[in-house]
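Same chain, two partners: subunit A is paired with subunit B first, then with subunit C.
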Partner chain A sequence: MRSREADVLSPESRVRGPAAAAVVGKYWAIFRTQLVNSLAYPIDLLGRSLAIVLFMWIFMNLWRVTYGATGASSIAGLTLADTMWYLMMAEAVMLSKRDLSETISEQVKDGSVAYLLNKPFNFILYHFAAGLGHSLLSFGGNLLIGSGIVWLMVGPPPGIMGWLFAGVAVALSWLLDFCFSTLIGLSAFVVEETNAFRWIYQKFLLLLGGVLIPLDFFPAWLQTISLNLPFAWIIYGPARLFVDPSLARLGQVLLQQGIWLAVFGGIVWVTYRRAVARLVINGG
Partner chain B sequence: MGRQLSFLLALWKTNLLSAMEYRVSFLTQVVGMMLNNALYFVFWIIFFARFEEINGWDLVDMLFLFGVVATGFGAGTYLFGNAIRLSSLIAEGLMDYYLSLPRPVLLHALASRSNASSAGDFTYGLFSFGAAIYFSGSFNGLMLLRFALGCLAAMAVLVSFLVLVQSLTFWIGNTSLLTASAFNAIVTFSLYPITLFDGTAKLVLFTLIPAAFIGALPAEFVRKFDLLQLVQICAGGAIFLLLAVFVFYRGLCRYESGSAIQVRM
Partner chain C sequence: MPAISVRDLRKTFQMKRKAAGLRGSLRALWRPDYQSVEAVRGLSFEMEDGELLGFIGPNGAGKSTTIKILTGILHPSSGEAAVLGHVPWEQRQALAFQIGSVFGQRPQLWYHLPAVDTFYLFGKIYELDDSSLKRRISFLAEAFEIEELLETPVRKLSLGQRMRCEVAASLLHKPRVLLLDEPSIGLDVVAKQRLRMTIQRMNELEGVGVLLTSHDAGDIETLCRRVIIINHGEIVYRDKVSALKRRYLTVKTVDVRYNEQLAPDFSLPGVEMVKVGRYGAKMRFDTRVTPVEPVISGLAAAGSLADVTVSEPSLEEVISAIYERTEA
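This part shows the complex of A and B:
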């Protein structure tokens, strides 16, 4: 029996069917396969989502004490409840994004990249489709558990518009993060060790992206720097939009994400072309 | 005892020589990890620039805390690198190699591997301690002694805790998720001021997830001598170490060999 996935992945179907539909179809099949694969281990998925409980509990203790010490009901326009819901969304994005840099760099280093390059799909888009399948389920699990615990601690979440606006921004966040992950992974074509780049990128996200602390709490000069860097639009943008879902903010977040996506998407494309051109495969 | 120590030294020397074969990779990981830790610490600099102190803890306390945790963690996971992958050694039947040699199984398994990035943690910890001394303006020989003792105790508790959690593999099979969660929990909790947590949470941090023995307790002891804290640190280290050894060897009786052919390079 031939599955729908086999049909869309086979080279002949690419030739027969309409080009655009076939292209979308095969990446959809990769996305679906990863989604189904993740669903096969629901306990594992749920278990990994428990990490958000740990972080939310620590954040609650930290910010409850901090708000208590200042004696103010809001800091930089955010109440304790706003801060906790912001942090929940920031952590959900951070914990569910698929770090593909390690996978790609391992494939470059052990040579298995050669196996993927001769398949009838684009190496980069293949990883993106597979990563998205993983992230979507993981994000759902993190949101479910994270929302439950934060609701218990500080009360109900922001309104429906917050969820909708943040949802759109999160999709673009993953795309932007994917560009960074791919660049780090592709750096294995040039350097021996890519772990250091990965760690530092993650710390940029934690700090300048606003995972550990909302950028609103930064001193003005650091806030200006952070908002002019792409990291803020991977985490801070969607999370802040979640607690303050105005149309003006949505426009600002999408514009920034669009600009950075164009810049880094271009860099990824050029880097990938150059990396493949200098790839030497010996034997099989 | 002397024989085991010279065996350990020989293992560590071999690990170091092996790392030096890939010098650039080793140095990249060391420097990268130091930068990684420094960037993480910037959070606390920003935090205390705005809020000054939380429940009696200030930036200098955090420097002491990061000094002890990073040094203890770095030393533990560098010298006993397999402490973070013991569960996969057990689950995949890779303990056969250590069982077939006339050396203490646990010690041999743990020290057979070193993580290059851990050397970066260790070095960062020393820098953090140096910065803590500079900004606190207080230093004497005894503080150095207390720092060494605090780091040693932190290392003992961390490695013991990892061994304890992963020894459960002997009974329940795959514990990769549990190990990852336990590892995350102990490292994360150890890097926050203990004064943030209330009574029940504190009890958890001294028992189930003994992060207090890795971070806050030795950090406070390094800053100022306290006899009770000294006793707590020594007792905590000894108890967790003995418990880990006991549970590991009890579990080892249940170990099933994979009979796989293993190649060590």
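This part shows the complex of A and C:
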């Protein structure tokens, strides 16, 4: 046995070719494994996607009454159909966020983070790949079911440009949310309980991010505040772009997302470096 | 060059101390009160390439902390360490390609997926090419007798089956050093035996060095030639396992049974009476202190003997004696 097996894993059995290929290969494998993992319970996945049906039904009843009462066909430039499609995109983004901060906090608390730090990959990029694998499926599901129901309620969705622009903005919004969640998760290395941070972040998204109401309906002063905070560019930006796919708006959304990404991406990186240096691993 | 060398390693944790109740919590927020825990206090030892080294100690002795430092996921407070020539906490990623680790209390296989999926994922993570990975998986599957288990979702495996898969997973990239922190925790006798045999076999076959912690003396006895015992973060004993036993072999436990009733105040000079019953007694003595002959004749003189059993301490007892002795 020895003779046959001794050479199985010589150093040459590491992937040949450019090192970059191997590196991309490992994060791709992490992404794919998480994707398969999400598919392990298809019923569960479907069930979670059905939540959006309930949300859209409630919103429909709410806004039909509101639009009816004002008698106007559009409020702040949005028709009832626009508002519903906006909310569908906002909800799809919100509901498919993976609670990464909770995942990281748990891993830190129970000590399983040990296995993620002693493998040859970057901890942050690992969560990036796994989180993407997780969100992609549920975003797809939410989008499909949400579109179906809203189409039945208010008619066809925005044109192809809306989908295209929103697609780009949703990708960046996902990255921005990834930064926030990672920061909250990493704080578990320092403080014991991260629930408070998570709660605050969720509330900011709900109230100032435009999850429940398009920010255009806010009074001017509140709009100004919201639009100058990053939360709007996680939810409001992509959803608004979806129903108003103008180049001007695209530019504005991408610029804001880019700025906030640079800021928070940098903070995540620095925090990660410092967190790992003072790492305390629990349990065992 | 030794596979692992550790010099004067120390790790002190700063733990926030907090008084009970809400008031305590609030006060801790304003003025955190730190308490330091010295988990590792000046460890120095070496492990040879390909060696099976036992690393044992009572709960809280600092074993897991040491292993975490050696895998590079924890920074020591001071001291030096080299694993395969790398300073673990400075070259964690480079080292990761050459060592494997299993923390028995934490699963690393994906719970909802078959083990083979995690194996393929690890193959990518360790940058193995596909054909070597396939051969490696089938080799390990055979060695660990897990061929039939690989396709089953991990959550459906028994603990023993899962543990064999866990250890196999940690060997995928053919590490030169394996750090096993309580791999046998919770396993039954048979499962333990199987796991031991496989670890031993991999050590013979591939020369992988194993640093093993366990609370089961049997693991150490069957697997390791050398053992390090630590308590309160310090080494209290290090030698060959055989020497450990030999050193304490002079302590004999004698069980006697008589055909007639025994005097209630039955005792022998230089012998510790563990238990005296009506028809028998259990006693212990050290042959270096008390010669054997007078004990035997004393026993014979006490009445008509029905049965005598003389036994030496098990490794387990030896180890717990060392723990107790160092409990100061």
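As a working rule, the second predicted complex is superposed on the first by the 261 of 284 C-alpha atoms of A that agree within 3 Å, B and C clash if a C-alpha of one lies under 4 Å from a C-alpha of the other, contacts with A are read in each partner's own complex, and residues count from 1 in each chain.
As a convention for this text, a residue touches a chain if its C-beta (ideal position, glycine included) is under 8 Å from a C-beta of that chain, and two chains touch if they have at least 3 such contacts.
Everything numeric in this text was worked out from a predicted model, so none of it was measured.
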{"item": "Partner chain(s) touched by A:Ala277 [first = subunit B, second = subunit C, both, neither]", "value": "second"}
{"item": "Partner chain in contact with A:Ile200 - subunit B first, subunit C second, else both or neither", "value": "first"}
{"item": "First, second, both or neither for A:Ser246, with subunit B first and subunit C second", "value": "neither"}
{"item": "Partner chain in contact with A:Pro219 - subunit B first, subunit C second, else both or neither", "value": "first"}
{"item": "Contacts of A:Ser74 with subunit B and subunit C, given as first, second, both or neither", "value": "neither"}
{"item": "Which superposed partner A:Ala22 touches (first subunit B, second subunit C, both, neither)", "value": "second"}
{"item": "Where subunit A meets both subunit C and subunit B, residue numbers", "value": "none"}
{"item": "For the subunit A and subunit C complex, residues of the former touching the latter", "value": "1-2, 5-6, 8-9, 13-16, 22, 25-26, 28-30, 33, 36-37, 40-41, 110-115, 117-121, 277-281, 283-284"}
{"item": "Parts of subunit A lying in touch with subunit B, wherever the complex brings them together", "value": "44, 47-48, 50-51, 54-55, 58, 61-62, 65-66, 69-70, 191-193, 195-197, 199-200, 202-204, 206-207, 212-213, 217-219, 222"}
{"item": "Subunit A-touching residues of subunit B, taken from the complex the two chains share", "value": "22, 24-25, 28-29, 31-33, 35-36, 39-40, 42-43, 46-47, 49-51, 53-55, 117, 177, 181, 184-185, 188-189, 192, 195-197, 201"}
{"item": "Residues of subunit C touching subunit A in the complex", "value": "13, 64, 68, 71-75, 92-94, 96-97, 99, 101, 103, 105-108, 110, 112-113, 117-118, 120-122, 124-129, 132, 135-136, 139, 153, 173-174, 181, 205-206"}
